[in-house]
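Next come two complexes built around chain A: one with chain B, the other with chain C.
Then we have the complex of A and B:
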């Protein structure tokens, strides 16, 4: 492992300054569950590592504010999965958070880090897309906010400019009843990297939001407005046709050892139909007016 | 049963240190002035080495030695437990992905790693490598081994190392109502010991000291003594308890390299492999086994006919022995009138295969048991029934000329079936399978033990066994506790230092409870005899009037503990009593394996499972494994071994395999893409049970255990998948994708 300078700023402003100063030679450290491996294996050789854990503004916190649940950048998966508000409003995010890595990893890994790492297989990306999450970004020119769909760019790439860091993930509390489910395809049930990540949400207006990852350069979101997918009485065949359309954009790796392209495409259809069904079942039934 | 003696689930000796991280593994040992070693390898399987340029690497600060073939004696020293074919470093040509070409020793690990990357190896990739049985047997394929290494060998100009023929009766003259013929494949899998292999060496006066995570320290001592032309007394081997081994740490691998590097630098050197490097160091032989099973319409076996090809890799290691021992029992625990076995060890440009829990038997069991089920289905006979009908009875010489069946195997099979609920109605969507595994224990053996009963009645046991997690320390201490009446917390077991501990042949074939256990028992009996003499002297009676048993001394008119007798008998000067024990099973040169089975490991595995019709994913709802153990000296340890073996078998059955590219590179080096089962992957219900009839050859009637519960997992699962889905899959592992592909093919 190559030696590097370790810094521990106390404020976001100081972190931004360091980040701006060192640019690509700096790496941010939150949970470290990706970075430490990359350092050990020599895949990343930064000059400076900026540890965010001692910044008061970023301390682990989950707050409700102005119709949003705000999750600070150093909040770990375990805390997210155990938070009652997140369990209530964003159950599919909980389902994804509890399969990230292992018990030990989840006690260190952050939600912000999971997104910033830019992995096409990030477990929390599909639910964040379905829930329309917003990424709060601090930078040399102050704060800005961005939809997570715009923030995720491609493998290892997110829309952060020089000197910028994510301070929080903000999830809008759904205004209409919603049912959602997260599922994934792995080679084993314990700790594994997913060959497919998939989240489906249906709301009381019949809108279906479906996001899937690990079958292309980034997780993608598709929205179906016709109401057919969300209709509990529509036929499986009709839904399958619509889902197949939604999955046309999948471009699974040809060389991956984890699953063949044919298998991944087929499993998108299987998992998509199952997640949709679960989401419909979870949609709170409205009582007749 | 509580307590410290035989039959008690006594607390693991050394267990506390293992679970709290206090146990000193090899990598925890540091030596003053120690250099760190990193191997130099090529990112290809087979290549011609043109030249090696050390210039850039030598510039790295802290580098002390870059060793290449040039720096070693000429001709290149070679070694191996069966054939002396493995070079200390590759010379002329690399034979497999990851074969070391050079090694860097530096003051720090980082410096060694940095320099290793800078060693320039000018080479030509030879794309025409041998990575499969079919290619190896193709007359146009290159020879993996130089024929000069195999003088006077008629097969030297082929890639077949040896072709072995076993069997009895005349298969061709048998008339069967049904003949089932299929070929079954078993992939390359690796041991995945949690502790990677580690090696150290240091000059030691006019000799050398070697540290290794090895299972066979005395074989290592002989190997180093021979290579360096030193007397055994000048080769000191330290063998700290390995953190898991499973056969992968039996035989010397990189110890000769660190020995030469240590002598060259005059300093201690240390090499700890990464997990990725262990994949390139050890694996199980992949196999293609064609089996013809002849059956009568009532399910009686008429003949078994095997053609068994084991792809063993670039150097033999112990693989030829795996081929013979694994295939000799290919027909399993059954009464079969005629058996023909042709078994080949085939060289390839892949990691040398070695011993691995089951020693060739899991591969042949996958083939035999699966084919038997195909026969049972064709005849409409229940799969449990067909096994019971053909199973050898206790005492029956089911392999002519070998040890007769040494257990009530019917009992184990019925117990497994009963635990699973074989006769109960099958829940919708599920399938069941039952399969039997049989492995012979050691065919030869030699173990010595010394036991010292110290002046205060505490005990030291000296044993050359390696305790790699199987619990050998605990059972040896339990034997001494039982015989000398000493609680376990007053007993220490000393292992892993060749200058202190007497010779043991090896730790393999689940032998140690039986062989070393007997040596320990005899050493304790030697002490009991001395206590008896002592007691007779103290009481002025004739020795014939005294008996010593289970820690008690019985004299005319009174009894005393061994410790009381000892303290009085030793008198004011104190001292100790020393006992020696030996257990040997000599070679039988008439026997095809060089000796009959000391005991058999017999196991019946029964599973119930369901298959997800959408994804192909298998959920094992019940897994029952029953082994004939003779007697469980420590029932908790037996359960641990059986459950561990069963889970390891599930890994091989469901998910583990090497994935190669076209040029023979292992693509899934390391844990990310070579998956082993986690606790979340276990069967919903997993139970083990032991059959205990005290009919084994070891102390108190024990047999060896530890491998049995792995042997029959694959065919039991495969058979259940067939019942659940109608699909027959003859290649492992049964990944969701493979099961799904089979479902698609049917459509």
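Then we have the complex of A and C:
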């Protein structure tokens, strides 16, 4: 590993100043489960590494505020999976957090880092899309907020400008009863990056939100408003047709060593149908008075 | 530019002040500066778990952590499991009883993940053990013995 200047600012303002000053020569360090490998392999050779973990405002914390659950930038997967509010409101996010790497990885890997790293296979991306997460960003011109759907751009690329960093992920607490499920396809049980990541959520108004990743340059979100997918009484065939239509945009890599394009397309339909079914089963039914 | 940083860290109960190169991993520093070679270097990409140590109560891959990041933290390595007089702890005893170490290379990491699991969940199920140790590979495939040892250690602690 090449040496660098290691900095550990105490405030967001100080981190932003460093980031802005050094631009592409600086790298932010959260849990390091992606970054340290890139440093060791020489894929990234920053002059300055900015450790976010000593910044008071970004200390691990999960708070409820104004209808949102706010997850600070240095909060790790283990904390997210164990938090009772996240379990209650965002169970599919928990399902994605608990499959990231291993116990050791989850004790270090942050949610913010998972999204900022920009991997098309990031496990938490589909649930964050389904739950309509908001990314809070600090930069030289102050704070701004952005839907996670606009934040994710492509492989290794997110919508951060020079001098900007993510301070938190904010999840709106669903206002209507919602059922959601996360599932993924891997080659083996245990530590493995997914060949497909998929999350499906249905709400009491019959709206279905479905997001999938690892089958194209970025995770994508599709919203189905007709109510047919969410209808527990609609036939499997009708639903399969709608799902197939939704998956037409999938563009699995031709060269991936994890799975062939045909296999991924076929499994996308299977995982989609399963996650939809589980989401419907989890939707709390309003009993007629 | 400062290439090194002085850090304060408690390693196996002993407070230490160490001058570390900022680009060295915790694994490098434990082995080369502190002289604790029980922690093993293997895949160096967080896949195999041979370098697992416990930092502030959680098992982590020391190959993926910079040494400067443990400034102010508490680190336990495999050398910290036995009592001061060298007596093995119940988990280590169970590993020996069940024949868990085959070639032995992965065992320090397996022990640390298992210890972290038992500290958190004193009564683990088989599934808990499999999940808790999923980040630790054993090329001799001694998984059944390792799982049996962890369950046996939990049993001993219960008595």
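Methods note: the second predicted complex is superposed on the first by the 288 of 289 C-alpha atoms of A that agree within 3 Å, B and C clash if a C-alpha of one lies under 4 Å from a C-alpha of the other, contacts with A are read in each partner's own complex, and residues count from 1 in each chain.
What we mean here is this: a contact is a pair of C-beta atoms (placed from the backbone, for glycine too) under 8 Å apart; a residue touches a chain by one contact, two chains touch by 3 or more.
This one's a predicted model, so the numbers in the text were calculated from it and none came from an experiment.
Participant: Can A:36 be said to touch chain B (first), chain C (second), both, or neither?
Facilitator: second
Participant: After superposition on the shared chain, which partner residues are touched by A:191: those of chain B (first), chain C (second), both, or neither?
Facilitator: The answer is both, since A:191 touches chain B and chain C.
Participant: Going by the contact rule set out at the top, does A:1 touch chain B (first), chain C (second), both, or neither?
Facilitator: both
Participant: Tell me the contact category for A:258 with respect to chain B and chain C: first, second, both or neither.
Facilitator: It touches chain B, and chain C stays clear.
Participant: Using the superposition on chain A described above, determine whether A:266 touches chain B (first), chain C (second), both, or neither.
Facilitator: first
Participant: Between chain B and chain C, which one contacts more residues of chain A in the superposed model?
Facilitator: Between chain B and chain C, the winner on chain A residue contacts is C.
Participant: Under the contact rule defined above, give the chain A residues that sit at the interface with chain B and also at the interface with chain C.
Facilitator: 1, 189-191
Participant: Quick one: which bits of chain B touch chain A in the complex? Just the residue numbers, please.
Facilitator: Residue list for chain B touching chain A: 110, 614-615, 654-655, 659, 667-668, 672-673, 675, 677-681, 735-737, 740-741, 744.
Participant: Considering only the defined contacts, which chain A positions touch chain B in the complex?
Facilitator: My answer: residues 1, 185, 187-193, 257-260, 263, 266-267, 270-271, 274.
Participant: Show which residues of chain C lie in contact with chain A when the two form their complex.
Facilitator: 1-3, 5, 21-25, 44-47, 49, 52, 58-61, 63-66, 68-69, 113, 116-117, 131-132, 134-136
Participant: For chain A, which residues count as touching chain C in their complex?
Facilitator: Interface residues on chain A, with respect to chain C: 1-6, 8, 29, 32-33, 36-37, 39-40, 49, 51, 53, 78, 101-105, 107-108, 189-191.
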